[in-house]
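Per-chain residue numbering starts at 1, and chain names A, B, C, D and E are given in the order in which the chains are listed.
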Amino acid sequence: MLTDRILTLITFVPIGGALVVALLPRRGRVIQIFTLLVTLLTFGLSLHLPVHFDYAQHGFQFVENEAWVANPAIRYHLGVDGLSLWLVLLTTFLAPIGVLVSWRAIETRTKEFYFLFLLQQTAMIGVFVALDMILYYGFWELSLVPMAILIAMFGPGKGRQAAIKFFLYTFLPSALLLVAILWLYAKTGTFEFSQLQSLLASGSLGVSSTALAWASLAFLVAFAVKVPVFPLHGWLADVIQEAPTAMAMVVAGKLGLYSIFRFNLGLFPAQSRAIAPLMIALAVIGILYGALLALAQSDMKRLVAYSILGNLSFCILGIFCFALTGLNGAVFQTLNEGVTGGALLVLVSFLYERYGTYDMSLYGGLAGKLPMLATLYVITGLALVGLPLLNGFVGEFLVLSGSFPVHPAWVGVATLGVILSASYMLWMVQRIFYGQPSPLVTNRVSMDLNAREHLTLWPMAVLMLAMGVLSPYWIKAIDGAMSGLANPASLSATHAVPTPTLRAALPAAPVTEKP
Amino acid sequence: MHLALFIIFGALCVAGALNLLFQRHPINAALSLIVVMSSLSVLYLLLGAEFLAAAQVIVYSGAIMVLFTFVIMLLNAGKEDRTHGSKMAYIAGIPGAAILLALLAYIFLSRQGAFGQARLGEYMVSTAALSQVLFRNLLLPFEVTSVLILIAILGAVALARKEH
Amino acid sequence: MTDLHLWILPIIPFAGFLVNGLVGRRAPKPVVTTVALIGSLLPALWVLNLVVHFGSLTLPHIETCGTWIATSGFHANFSFQLDQLTLVMLCVVTGVGFLIHVYSVGYMAEEEGYWRFFAYMNLFLFFMLTLVLAENFLLMFVGWEGVGLASYLLIGFYYHRDSAANAGKKAFIVNRIGDFGFLLAMFLLIAHFGTLSFSAIFNNVAVHPEWQGAGFLTAIALFLVLGATGKSAQIPLYVWLPDAMEGPTPVSALIHAATMVTAGVYMIARTHVIFDRAPVALMVVAIIGVATAFFAATVGMAQTDIKRVLAYSTVSQLGYMFLGCGVAAYSAGVFHLVTHAFFKALLFLAAGSVIHALGGEQDMRVMGGLRTKIPVTFWTMTAAVFAISGFPPLAGFVSKDEILYQAFVSPHGGKILWAIGLLTAGLTSFYMFRLWYMTFFGENRAALEEHGAAVHARSDTRLVVEADPRAGHGHGIHESPKVMLWPLIILAILSVIGGWMGWPEGLGGGNWFAHFLAPAVKAVHLNYEQAAVALATGAANLPNQAPAGSKQIEIWLAVLSTLVALAGWFVAHWMYYLRPGTADRWSQKMHGLYALIVNKYWVDELYGAVIVAPVLFLARWVLGVLIDRAVIDGGGLAAGYSAQGFGALVARIQSGNIRSYAGWLAFFAALLLAAAYFGWFAQFVPR
Amino acid sequence: MIPIAWYLVLSAILFSIGVAAFLIKRNIISVFMSIELMLNAVNLAFVAFAHEWRQVNGQIFVFFVMVVAAAEAAVGLAIIIAIFRARNTLNVDQVDLMKL
Amino acid sequence: MNALRILPEIVLTVAGILVMLADATMAKAASRKPLGWLAVLGALAALGASLWQYSLPPGTAYFDVVRTDAFSVFFHVLIAGIVLAALLITLDSVSDTTEGLGELFALMLFGSVGMMFMTCATELLLIFIALEISSISTYIMAGFRRKSAKSPESALKYFLLGSFATAFFLYGIALIFGATGSTSIDFLAAHAAASHTPWLLYVGLAMIVIGLGFKVSAAPFHVWTPDVYEGAPSPVVALMSTGPKAAAFAVLLRIVYGALPFLHAHWVPILWWLAVLSMTIGNLGALRQRNVKRMLAYSSIAHAGYLLVAFTAFSADGIAAASFYAVSYAAMNVGIFAVISHAGGYDDRLTLLDDYRGLAYRSPLLGGAMALFLVSLIGIPFTGGFFGKFYVFAAALHSGLVWLTIIGLVNSGIAAFYYLRVVTAVYARPAETAPVMSIPRPSLPLLIALFLTAATTLVLGIVPQNVLSAAQAAARTYSSVSQPLPTPAPGSAMNTASR
């Protein structure tokens, strides 16, 4: 049955498409259309998951588990739970949008572009569904290559440097990640996530806690770079600046964050808690740092990059407070970042296609010329800064409110981020769209959004609203996956209300509101 | 007698080798080498390797060194210039060679009790005995050597052939 | 339980927003108008329906129509609540809202972004209704942020003007600072109660007298106050409101006078249970209120832009409401909110009418003598001026007097609060009459009659410029169209009689309003046992024993405040009517003081220098250049260069000389042999 | 009666001199000759050990080394001729075109 | 029966002689390319013969001088494959008039005879001769571009330094002979432990490591590598960077694991240091290289280091990992030299990194192939390079070599920089000022070679099981290694049950 192999299908349909792309003629828009169809097919297939997902069950579903290599014991083990479910969906959802946004932006070397694009899809989906450490690591590393090559190929400025920077930043820590994986294998004899989890949890491995701490650190650093977490973000702005939009949309956030959830929290709960104070501090710094630097940028893409840094730091904060609500929020925020950050990059790229620059100081007064684009820009910006009823708010609120009881002071400082984010976002909107039209804007005739661009943006805009209003639909799956990772104390709904001891001693006095 | 022969020809070996080291003309060096090789053949004889002693003179001194001299003549190589292309050879190489010598000498001398004594004529390997092993047990290596020689011929022709 | 479908209330304007927002650009103007008016009229009618059925409801009436956020640890619904307080707010919002919509049809008639304007206005109504109907803090926050958004969009309506765009941005950001407080308050609430539902929290607080004065409640209350100061433009976050006058005048009337800015007051009244348990926070509210009231009034005295005077007046009046809430007289605060909505909306609309008449001129110094030219505007405005200045029996008198009385008698109040409030009342009277005289009396200083439509340069409406020169428009001073005048008239009537529903008992009234509102906002009472517990646990400051006032005091105070109002009027009359040059002379005489006031105490400049500039400096130079470029990028570069440096060292080995290579080989061969023989390596292998 | 160790030391001396000669000689042919010297030193060791163990294999090894040396000499000298043709020099210090 | 055990070698020798004779009989002006095809046929036949040898029962021949077992056959197949690909590459990159083509093909075949003997010999004498065959043939081939100034220099450097190292290797054999009285691997394995002069073994082994370390270009004996690779013709580099290396590694395995496993406390630390130095020096040296062939030379030093890591594991997995790595390295390195020798030609038209800018524009096929091989060299999953590296380091970690693993993998991270620089150059827009390079159309042999190498690279990364089993079977021929292959994961019964 095909549905028994649904995860394999979702994962490998893109790469199959990539192989076909390699054979297609470079004529007209054949390649684009074909890629679009492939991504739509993948998205359609992935819709199978939420429909047939058993929300009452917290374990992995749609599992496929077969031997791949006998020795070392690597298995082809796929599965999704409430955490990966939506990340897979997010990836497949963004893929057709990636094609649409590249429609005009990528006119040369389309074959290479779409080949690598589809390869990247497979790698990303694979990261989310793989349950064998080596299989996972395979997809994880594979995801670097198309990204790096595409940045190098299409980066308008210092594309090659950015590509290499990105690659090294992520590849070097990944090497240590591999050491840790291999070390675990040497100690346990298995690469399987679930088995590792139970073996590590049983504490029967007889390995020193120091060694485990180092192993968990190797995991964490590899993922933190990919997120990125504050001092490790050196690649982010350059990469987002140089990468084609379809790639910039997916370069940060979800892969690293997913991995932290799955592996750091899943395999090393105690070690993660030990390092939590540092991570929380970095997250809070990251929130403010990202926002402040966004405030200082004059290049739109760099601004978006720093804003992404800030927003992703919320996820880190939510993760390392280990409160159930905060964890839910962190996952939700991860999804948000994919949709909203992606939409913002798409919008920025549409501006670039029209005016050929990312420098905000050259813009101005566009609202009158491109009202639809301006509208969607504002909506997206508002979603990004966490306006209620849009998705960003739900994520941020859950993260902050969930984490607050754990670290009131840090979270309080982090909340300052909402002020700063509003500042840079509105300032950006003002510089681009408000005021008198700049010479650049007046001297160039450009149309408002065309049909393709509408098609690119509206699904994201609708999703922002839907996720902002109907969040339980997403969270019901996420919550199940997170309940195993949170601190037990945070599970109960009753909170730290000081229980009045005297009340028990007193006769029950019904309180009446006297009119 | 044995000792005297060893000392004389051993000293000749070393002297020849040192002469090779210090002579600046390749012809002189080649001649020194021939001295070394010839002396060695005597030492082989002392160690009971009569066939080798003969082969040493025939193959080495006779064939190989002739080839060398021939090439020296052919290329009209003169006295070598004392160019200073390499510091590393002096900084690292010569100490390396010295360490090597010291180390090996130290090992062999400090542990000389582990080895036996060579007594003249006590152990002589006849050519027949040698060929017993060579053409039976080690036939395959012997045959494989033909490939090596084939390659050498092929290579020498290919490399030294006049360009057209 | 009857289902009132409260969700329909906000949804209607939202639908109006969607329709106008999506298709309005291409739709003909009448369609836009119709949609917008329906979007504001239907809620008003629905509220009327609620009023009719109100008596038959069990209060508070709560309706839940879906889950918004749900994790195993936290839950928030789309829940709406109807009680007396909500009803009052609904009436104000929908009533005034509808009137201003109607007014706008005339006022904005020639605007290019007509559809946009009404879409935003409906959006605002949607959020405002959500705000007042919300049954939990989170949904309230939706409205709270949403009205901020609508405000941002409307202030920046003339986005091509930098000042408008700046003002919108400033409003949003300053409000965000308040929201920061609101958010923290919510986090604390969740941490302590696990929920954000009003009823759950308030019931919990109500039955815990031992929490009287508890630190966490005080903290929550203070953070809520921070939120309220943002939205309601109180010290220290009032700075955005005067700038917000960049928006079209109806916006100023609806959002920045009548409804949105009162959200803070509404919020305090709504969460009064918490404030009752946090006397410190109450005192803070009262102090902020009275300080703002006085401070803004002083600034208002020297402003020359008609809308700015009104803006500072709004800030000042909101301070009164805060004062009312701060002395635990929530119904008084809310009552002033209602009456203020009437007369301040009226003032703005009338001012808009004046501006309209003058083709966009807002500077009072070039007005004057308009009394006869625009009589309807003059008379309606006169009603409003008298109302706000506190002349009996107009609405402003009743509500303001109630607040001052409560401040005087309340255990939370104090004579100092009352005294400053009274002084402020005099100042209010002064600057309002100053406005009145400068605008309507004296000789006309406007250049308009001579130069036609010359004075529209800094206009907020391009009416004159872009309108076709039909009769009455563009040429000369003219009265506004009827569609603008009717709302003025209705509001004028309300400004006159609106206060009578709360006529104080001390002056022979029944104070129906307070009694009506009491179930919703009356302070928590303690029963005997609870009081005992409170005393035993040492919780001080039991709230709200019955105010120790009396009818005598109330009468005397009323008389006093009327006199003060009269005094203000007289001074204004003397300075701006009898001796028009006096003001200038005084301002020169007291140069320093005048400069202080006219420059708004340099607060904007202070904030700029102390907060904005350092933040930008930090972002650009310290973080951007020093940390990001030098440390983070530089660290990567340094690592790269050092690796390359080692690479160069490796390449140094590669001299190309065979003898060197051999030397290298010989050396390491010797080393390796020695190491192997002596067994050195085994000691140098880290395991 | 000579200790085998003396032969070994002699072989070590010759080998080291060969190494040193490789390092010091400038003429490529001389450098090549020092390699031959090194091989001869090894041969001596082989013969000595063969005597020590009374094993004929050691001598056969030497025989093969001679063959190999001959083959090497042929190839080596051909290479030297080739380099002389290409560069017109036999100085090893001047054959350093490729570096770094 | 004896002859069957050296059938691949015989086939290659015969093919070589045929090529040589045909070359001599052909007209001077005639194209020698048909000879290349003849050589390809010979290599194919040798490949078939090698594979056929899997059906032979393990055993020795010619008085225990050679042994055919899973280990030797594994490397026979590998070497046959390498020489096949190298011949194809040569065919592609040379022209009809290239000088000495017939000799070149013959030398390639003869050289591989030596390499093959190296892997199956169990007598140090045969190993020495085979090593000389493979070395001398490579010395010659390195100098084959006689018109270039660099090629003879390359040959000279390789020759002089190679002979220098050979002397050490030979001295090592002499000392081992001196310690035991035998040069037979089997005898050593059985009796060397009883030697009363074990210190001779230590020193002898160290000398052998020096000699073989030179052949596999392990640091600090790597110095010749960049110069030689730069000057030699690219197709020859394809061969000599893989074939003799694989054979030398096989010899090293035979000696350290087969003959002297009981000395592992001595050679493991030595190889540990060699591995660390090779990885580090190789990668750091490559960082600054702008010349692609030199860069790949440094890279091959580094890869020798990775391979040595497997040795230090001292376990059956270590042997299997080393064998597997040799295959994967051969596939990707031959592959990349196929691209280089096609793009740059026999006479090295393209040398610098910048010359390769925009290669993917001129020829998407070449660009893509180059990217694939580079990605594999980096060690990206689903390529042979990754799986090889993974297996090597898994074996090392399993033996507790944590630091070595960390150093190695960090090194592979650094290495990514210079590989990626090439990848990005290949895919970057060509500089406007650069002269338009003309890339000849890919010929049939090139396509076959690329297909062979690329397919191998991918198969090794995606479905490595077959090769892995073969490598593990090869490892199992070493009974000396006490450590068994790791048992399947605890609860692996659960794995199979859970579906």
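The rule is short, and it goes like this: contacts are C-beta pairs under 8 Å (C-beta built on N, C-alpha and C of every residue); 3 or more make two chains touch, one makes a residue touch a chain.
None of these values were measured; they are calculated from a predicted model.
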Chain E and chain A - chains in contact with each: C
Of B-D and A-C, whichever chain pair has more C-beta contact pairs: B-D
Per-chain CA centroid nearest to the all-protein CA mean: A
Chain located farthest away, centre of chain C as origin (C-alpha): B
Distance between chain centroids, defined by C-alpha means - chain B, chain C (Å): 101
Distance between chain centroids, defined by C-alpha means - chain C, chain D (Å): 96
Gap in Å, rounded to a whole number, between the CA centres of chain B and chain A: 71
Gap in Å, rounded to a whole number, between the CA centres of chain E and chain C: 76
Interface hub residues of chain B, defined as touching at least two other chains: 85-86, 89-90, 93-94, 96-97, 100, 104, 107, 111, 115, 138, 141, 145, 148, 151-152, 155, 157-159, 163
Overlap residues in chain D, where contacts from two or more other chains coincide: 8, 15, 18-19, 22-24, 31-32, 48, 50, 52, 57, 60, 64, 68, 71-72, 75, 78-80, 82, 85, 92-93, 95-99
Numbers and ranges of chain E residues touching at least 2 other chains: 125, 129, 132, 136, 139-140, 143, 146, 152, 155-157, 160, 164, 199, 203, 226-227, 400, 402, 414, 417
Interchain contacts (touch definition) - all pairs: A-C, A-E, B-C, B-D, B-E, C-D, C-E, D-E
Partner chain B, residues of chain D touching it in the complex: 1-10, 12-21, 23-27, 29-30, 32-34, 36-37, 40, 43-44, 47-48, 50-52, 54, 56-57, 59-60, 62-64, 66-75, 77-82, 84-85, 90-94, 96
Contacting residues of chain E [partner chain A, same complex]: 360-361, 364, 371, 375, 378, 380-382, 386, 390-391, 393-394, 397-398, 400, 402, 405-406, 409-410, 412-414, 416-417, 420-421, 423-425, 427-428, 464-465, 468-469, 472, 485-492, 494-496, 498-499
List of chain C residues in touch with chain E within their complex: 640, 643-644, 646-651, 653-654, 656, 658, 660-662, 664-665, 668-669, 672-673, 675-677, 679, 681-682, 684-687
Of all residues in chain D, those that touch chain C in their complex: 19, 22-24, 31, 92-93, 95-100
Chain C partner contacts - residues on chain A that touch it in the complex: 165, 169, 231, 233-234, 289, 292-293, 295-296, 323-325, 328, 365, 367-368, 371, 375, 382, 387-389, 393-394, 397-398, 400-402, 404-405, 408, 411-412, 415-416, 418-419, 422-423, 426-427, 430, 433-437, 469, 471-472, 475-476, 479, 482-483, 486, 490-498, 500, 502-503, 506-507, 509, 511-515
